[in-house]
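Following are the structures in question.
The following pair of complexes shares a single chain, subunit A, combined with subunit B in the former and subunit C in the latter.
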Partner chain A sequence: MKTLLKDIFSFEDRPRFERIGFLIFIIIILIFPFIVKSAYGRAVMIKFLLFALFGVGWNLIGGYGGQVDLGQGKNVGFGAYTTGLMMLWWGIPFWVTVPIGMIIAAAESFGVAYPMFRLKGHYFAIATLCVALVWKELFVFWDWTGGARGIEIPVKPHPNFYYMQFGSPIYYHYFIFFLFITQVLFMNWFRKSKLGYELQAVRDNEEVASSLGINVYRTKVISYTITGGLGAVGGSFMTSYYLYIDPDFVMPLDLSILIAMTVMVGGGGSLWGPIIGAAFLIPLDMYLGAWLGAKKRLGIDFMIYALIMMFIAAREPRGIWGIIERIRKRK
Partner chain B sequence: MLLEVRNLVKEFGGVIANADISMEVEEGMIMGLIGPNGAGKTTLFNCIAGYYRPTEGKIFFNGKEITGWPSYKVARIGIARTFQGMKTLPNLTVEENVMIGAFCCTNSREVARKDAHEIMELLDLRDKAYAFPKELPIAIQKRIEMARALATKPRLLMLDEIAAGLNPSETKEILQLLKMIKEEKGLTLLLTEHVMEFIMTISDRVTVMAAGRKIAEGLPNEVASNPKVIEAYLGERYAKC
Partner chain C sequence: MELTFQLIIYGILMGLVFALIALGLSLIFGVMNIVNFAHGEFLMVGMYIAYLISTFLHLDPLLSLPLAAIAGYMLGIMSYHFLIQHILRGPMVAQLFGTFGLMLFLRYLAMYIFTPDVRSIKQGLLVGKTLSFGWVNLDLSKVVSALLCMLSFGIVYWIIYRTKLGRALRATSIDAEAAQYMGIDTKKMNSLAWGIGGATVALAGSLLAHFYYITPTVGMLFTLIAFAIVALGGFGSITGAFIAGIIIGLIMVVSGHFLSELKFTFIYIVYFLVVVFRPRGFFGW
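Let's look at the complex of A and B:
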């Protein structure tokens, strides 16, 4: 029990500058709502934390596992719809719906992982993409999920900690920060766990991994299942934050790819990579898009986006974190 | 009998890589497996270690049939192997490389770390614990691979061309290391090599393969003077004189 708690909360094995950096980062997030008063700035911050949350979860299979999964959107959708529908139909409190959403997403991931991990590399990536697309179409097609019109969550008197509905974004800011931190701590534990080590061995070389007694297939399936569960948490948050969800909003292809992109740009397989990636891409997306949109230069932001992405992919496949580590080593 | 291979055949779409190989390895011995390039040594290794499923024949380990078992199960029952050429895990430190081996027999990270450090101590890798394998010389990378395999606590250790790419003094070093480990851990070793000198000095028994067949078995000096072996290595002309 003691070692478990230590594994969760201790960053002792990381270099000092990382620990200090993370501490400064947390302090900035904590005091952020008191410094920035603009509604847009706060919305950008919440979106950043949401995508950092997605990235940290996806990093498990995508970074530590090295499996390019382009279907995390479906798990976000499962979380969002579980929370949304359960609130709408039965008025079940938010905190009850979160674990249920996670279980549903994990169960579905387990089911599809079974045949999917017969594939490798690009073929696996395409399969994940297809599964996510199928689910999205199903949610558009089904009537009981509200179809393409989506569902609206009845508004409760604010602030409401049962249904996690608040009038002010400050609440949401700390709410998403809490969810984000829990996943960072989970990943901090995971990377030191037996499964974490085994998954990294599988990523580096499957042949070697199996020669060391690791069941490669099982390791991948379990990791994919956990990743599915982690993805659902952010979906539940989206429901309570936006109070309106539809398949095009919570489970589109763009979302799946953006999640994968934040991790790849930031640096997969490291604790901080996804956070850095989200800190880079989300503000860029929201400010550049808004600024160029206002000047009637639609589309240019995507081009800048793509250029940066190509630059990083060409220069350092391990992303921004890889660049930082390389600079540090040179010193 | 620790390892027994009985009439093993492995075909790859018509190409016969191993034809009717039988071999017995007793507990505690060092068995050398030699043969010219393309003799089928690595194929035999891969069949035993569960990377290939034999077309025909049976493999027994410690009296238990393990024919066609997946490689991770073979590893867990006590057969560890190294690979031809370097196959370290590049994004993990030396310590983590060895720890992953140690996780084979424990779920606890502390125990795995302790075991890993014990083995790194034995192989003189302790001061390299936090380096990445790719940054180190080949001779040390070979030791890392051995350490990783040893961490799974095997009874039989199979080394595939462990001396390839090493200079004579490094080869000598690894030879001594192997003998020392064998005594320390009470291991049984199965080695392949096409460097005759290396294998002749260390092995208790030698099996010779050529073109997918087993052509001789016996004590090292017996085998070395066997005309069939000389023929396989040097051609017919030399065997006659």
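Let's look at the complex of A and C:
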């Protein structure tokens, strides 16, 4: 028990400058709502934390596992729809729906992972894409999910901790921060766990890992299942925050890509990479998109995204964190 | 009876167009083992060229065919030189994201220039005319487009299997290193594969524009259809792409008639099942 707690909360194996950086980051997030009063700034911050949460979860399979999964959007959708539909139909409190959403997403991931991990590389990436698209089309097609119109969550008259509905964004800020930090701590434990080491060994060299007695297939399937569950948490948050969900909003292809991209830009396979990636991309998206949108310049923000993506793919596949590490090693 | 007949004919016609679309993807994959996510965006470029020729120059959209082919060729070569050859050395993740970035770039460039509005070609020699064979009425634009696609497919097939250039290309796809020792400039072959891939798919796009709506986001769908075809036919197989194209065309048209909301879902499911249970496809090696 003591070692478990130590594994979760201890960052001792990381260099000092990383620990100090993380501490400063946490302090900034904690005092942020008291410094920034503008509603837009707070919304950007919440979106940043949400995508950092998605990125940290996806990093498990995409970064530590090295498997390019382009279908995380479906898990976000499962979480969002589980929470949304259960609240709408039976009025079940938010905190009960989150684990159920996670279980559903994880079960689905387990089901498709089983045949899918017979594939590698490109074939695997396209297969994940196809699975996510099939789910999205089914959610549009079905009536009981509200179809393309989506569902609206009944608004409670008073702020409510059971349903996590509040009037002020400050509550949502600390709420998403809580979810985010839980996943960071989970990942901190995961990377030092047996499965975590096995997964990293599989990423680096499957044959060597296999010859060391690691069951490659099983490691990948379990990791993919966990990633599915982690993705659903953010989806549940989206339901309680936006109070409206439809398939184009919570499970589009663009979402899957953006999640993968935050990790890729920040640097996969490191604890901080997804956070750095989200800190870079989300404000860029929100401010640039708003600024250009006001000038009727549709699409330029995504073109800049695409250029960054191509540049990183060609020049620095390990992302921003790779650049930081390289600078540090040179000293 | 009439309906069945018509569905089958349309399925085959659509399949011939799909086969030409998938040809380039299969060729590129065969030669350098890289999947091009921007493939459908090349198609979209061809569609917009046909649209521009028809709407702004008031010429027949058929005249856009050579233009689209040249533009596609240039686009393919440029993508290879400015992006692909730099990401070939990197890990697979980087390759995926590189072509994905290219896809996003072209898509949103089109959105910037043409706005997200849905467009279609309204004037042209083939547009809106029907061809009657007794009791079966067929859309003339689909018939001619499909035949032209088949012709282009045949020409590329001839280049690959009957000319010296094609032999060099095939040698590169079988073993790039050995081909290099034999004095084949493999870099040139890679760039040629991208050129041919871009040209064929843009050509297919300018034909498809005769009877399909045009939006900046139309590409992704055709990229996935092309993936499904290439997976079914076997990655890198040209003959496979032709036959699988027709099969996918039939599946899409027939299922689209009965369950129009889910017609693409069937294609994704086919891809998934083929790749999982027979990764080599039907004609792959």
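Heads up, the rule we're going with is that the second predicted complex is superposed on the first by the 331 of 331 C-alpha atoms of A that agree within 3 Å, B and C clash if a C-alpha of one lies under 4 Å from a C-alpha of the other, contacts with A are read in each partner's own complex, and residues count from 1 in each chain.
One rule holds in what follows: a contact is a pair of C-beta atoms (placed from the backbone, for glycine too) under 8 Å apart; a residue touches a chain by one contact, two chains touch by 3 or more.
Here the structure is a predicted model, which is why all the values come from computation and not from measurement.
Novice: By the touch definition at the top of the document, which applies to A:Glu198: first (subunit B), second (subunit C), both, or neither?
Specialist: first
Novice: Considering only touches as defined above, state whether A:Tyr123 meets subunit B (first), subunit C (second), both or neither.
Specialist: Touch partner of A:Tyr123: subunit C, not subunit B.
Novice: Check whether A:Leu212 is in contact with subunit B, with subunit C, with both or with neither, and answer first, second, both or neither.
Specialist: first
Novice: Let me test your reading of the model: by the given contact rule, A:Thr3 touches which partner, first (subunit B), second (subunit C), both or neither?
Specialist: A:Thr3 sits against subunit B, while subunit C stays out of touch.
Novice: For A:Gly269, is the partner it touches subunit B (first), subunit C (second), both, or none of the two (neither)?
Specialist: So A:Gly269 only meets subunit B here.
Novice: In the three-chain superposition, say which chain, subunit B or subunit C, touches more residues of subunit A.
Specialist: C
Novice: Thinking of the overlay built on chain A, is A:Ile103 touched by subunit B (first), by subunit C (second), by both, or by neither?
Specialist: Touch status of A:Ile103: no partner.
Novice: On subunit A, what residues does subunit B touch that subunit C touches as well?
Specialist: none
Novice: For subunit A, which residues count as touching subunit C in their complex?
Specialist: Those in contact with subunit C are residues 62, 66, 68, 115-116, 118-119, 121-123, 125-127, 129-131, 133-134, 137-138, 140-141, 253, 257, 260-261, 264, 268, 297-300, 302-303, 305-310, 312-315, 317.
Novice: Touching residues of subunit A toward subunit B in the complex: what are they?
Specialist: 3, 7, 192-194, 197-198, 200-201, 203-205, 207-216, 269
Novice: Using the touch definition from the top, list the residues of subunit B that touch subunit A in their complex.
Specialist: By the definition above, subunit B touches subunit A via 49-51, 70-72, 75-76, 80-81, 83, 87-92, 96, 99-101, 103-105, 107, 109-110, 112, 148-149, 151-152.
Novice: Sort out for me which residues of subunit C touch subunit A in the complex.
Specialist: My answer: residues 35, 83, 86-87, 90-98, 100-105, 107-109, 111-112, 115-116, 216, 220, 224, 227, 231, 261-262, 264-265, 268-269, 271-272, 275-277, 279.
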